[in-house]
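We just call them A, B, C and D in the order they show up, numbering each chain from 1.
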């Protein structure tokens, strides 16, 4: 479990910060997607690379995993992604504080987006909820296809790479509405961290949009 | 058949929308190409990943598939890509309506290109037809090479990834003239959808160019 | 042999045109590199994917191929890349003529670079020659490493993809000086085509730089 | 050993120069990462692809390699990356001198960054040290996961490619603070070369930041 958390932690790390000066939407997607690929290599043998409580939930529902494992896995995932937020904050302390001067959720130099996802300004709460549910379902469906031995699976030993390509593709094609969290345990703990670390309650309430991840977690 | 349609549907989904604020020509190509790769993983075991009626046509002509399957596959593909248009329209309703204000086929904020391909302004009807025929032939030839066990095929289990790279490459290198539909069943149904949903008849007639996909479908 | 030429032809096609409005240096590199990958899939089983007379020359020198095959392979390669130039010219006739108005080798809308490589303005003849020789050697060395069963080769069936990555990498890292022809049989025939098709003798003489590919061919 | 140095040399070559006119942060990352991949293909069978003295150090510490090999490997690596600097300087002599006019470490046309890494302006010595230590540890951890037969390793024969993806991902996600040297033997020798070749002592002392790689080397 702890190990599982650690992997989630590392995966998350690999995703971060790029939406600063050097980053483009493409490079953020590549960093996030192949960060997931590295997480699969690390956690694949031990926990089956469960780094997403929505995917863990589905596995339990499909009977591939006993329900008693669900809370433990989810806790490990949340612990990992919270720890990742702390580490990123430590490594980029200077950039976040001295470059920007203050911690904001919106505006041209907003830094809250380093840690959690925020929907685009044209979204509403329910649109965001539907969008995230759809994307997470698409992720789940593709993951099942990639590993389904009776269908047309990716070669054993290339799963991590192909899953990385999948996450990049979802982000490039359908990530503009909500920032594609597609993973409650990757989104909520860093959001809680930012509310503690100085970004304030706006991380939860910005135009009511930011309820989305919370609701999403509740529903699953 | 229905399953086949569904896969086409999902594949198409992964391709969309990117030509909005965040998208570049490169990221649209990557999203489309690797969306096809995910479609191959999903549909490979069931229908041989037939998501393109031009490729299905060639398979029948080469005797790899009985002709009676052709209309059923094509209908499934068209059903899938029409359904995909509806879904994309639903997910991006807010972006399309509230951001742009109206539904246009040309101009700086044209949104018809989200659903179907439109040739560049220097193209004519016959040039577009020749171009699309050539590109679709190139796609077919490369697909045969990638899977040809007597030649130098891609490793079993990496076909989906390599096919994704192929579609990206065709788009990056030769997609500028017509937007590289290279797939009648991916282009016509979404075009019909846009004409119904409010973009009007211009989707079929813009400078006579937009006859291209229709002709293309007829010929095959 | 003819087959070999055809493959070269197709490979070259996949590389082209991108340095127009949509293209960036990155996307040209990706299109060229993975175009080579597709050529390897097509020609791998028949000719060992010899699409480069410099590589063919080395193979003969290392005794992996009889010398009598060298002129035939080279002729096939040249025939293929000349045919590719004609095809690209046909497909992009409208773009080249109506958009640009005239055929120029230098300047902001120069189109000669679609067909052959031109060194950057800070290069001289001898610098270009050394640079191209070095890059072609690097390509050869990496190709040998990728396929060397006694060392650490790429998995059989992924060679094409890895060779594509290699060509992309050489282009991104070291292609700025000369446009990295790294292949005399891919560069000279299209250059001859442009001189015939209307770009004039400047394609051979621009600041004496354009001797580079000719010399390069002579030396090998 | 000499061979090992040569491979390091070639790997480094593939990384270079791109931060000139054509390069973006993304393309530098891609060139560096897949340059490492090619180095793995070249050196994998002979030295286990040891191109990084920090990784070699860990291998010795884990008992996977005798300590007596450490100084020899490190010397080979340093010799290789110094030779690479000389070669790059030779190939890009014209670009560096005639385009820029003088050799500077900072400013809009600084060229020292072609050879060694320099931290961003918001970094301090100790922050840079912690950052580089963390990133090098992350690299080591992922390398162990990718090749760990008891966990979820990459397929034998795709290690080079996946390691390339890993280096790209670290660069895109976490390389902004220090330029991610993550390899003392790739950073110090080229830095020494630049101090000799005309960039002066500033390469070591710029705002005290440039102590980072030296300290890093000492500690390991």
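One rule holds in what follows: a residue touches a chain if its C-beta (ideal position, glycine included) is under 8 Å from a C-beta of that chain, and two chains touch if they have at least 3 such contacts.
In UniProt terms, the chains line up like this: A, B, C, D = Aquaporin 7.
As the structure is a computational prediction, the values presented were derived from the model and not from experiment.
The chains that touch both chain A and chain C are B, D. Counting every residue number used by either copy at the chain B-chain C contact, under half are found in both chains.
Rotation angle, chain C onto chain D, C-alpha superposition: 90 degrees, expressed as a multiple of 5. Taking each chain's centre as the mean of its C-alpha atoms, chain A lies 30 Å from chain D.
Separation between the centroids of chain B and chain D, computed from CA atoms only, is 42 Å.
Residue positions of chain A touching 2 or more other chains, listed in rising order: 26, 155-156, 158, 161.
Under the stated contact rule, the graph of chain-to-chain touches is a ring, a single cycle where every chain has exactly two partners. Pairwise chain contacts present here: A-B, A-D, B-C, C-D [touch as defined]. Taken in their complex, chain D has these residues touching chain A: 25-26, 29, 120, 122-124, 127, 130-131, 134, 138, 141-142, 145-146, 148, 150-156, 158, 161-162, 165-166, 168-170, 172-174, 176-177. Interface residues of chain B facing chain A in the complex, by the touch rule stated above, are 10, 13-18, 20-24, 26-27, 30-32, 34-35, 37-38, 40-46, 49, 87, 91-95, 98-99, 155-161, 164.
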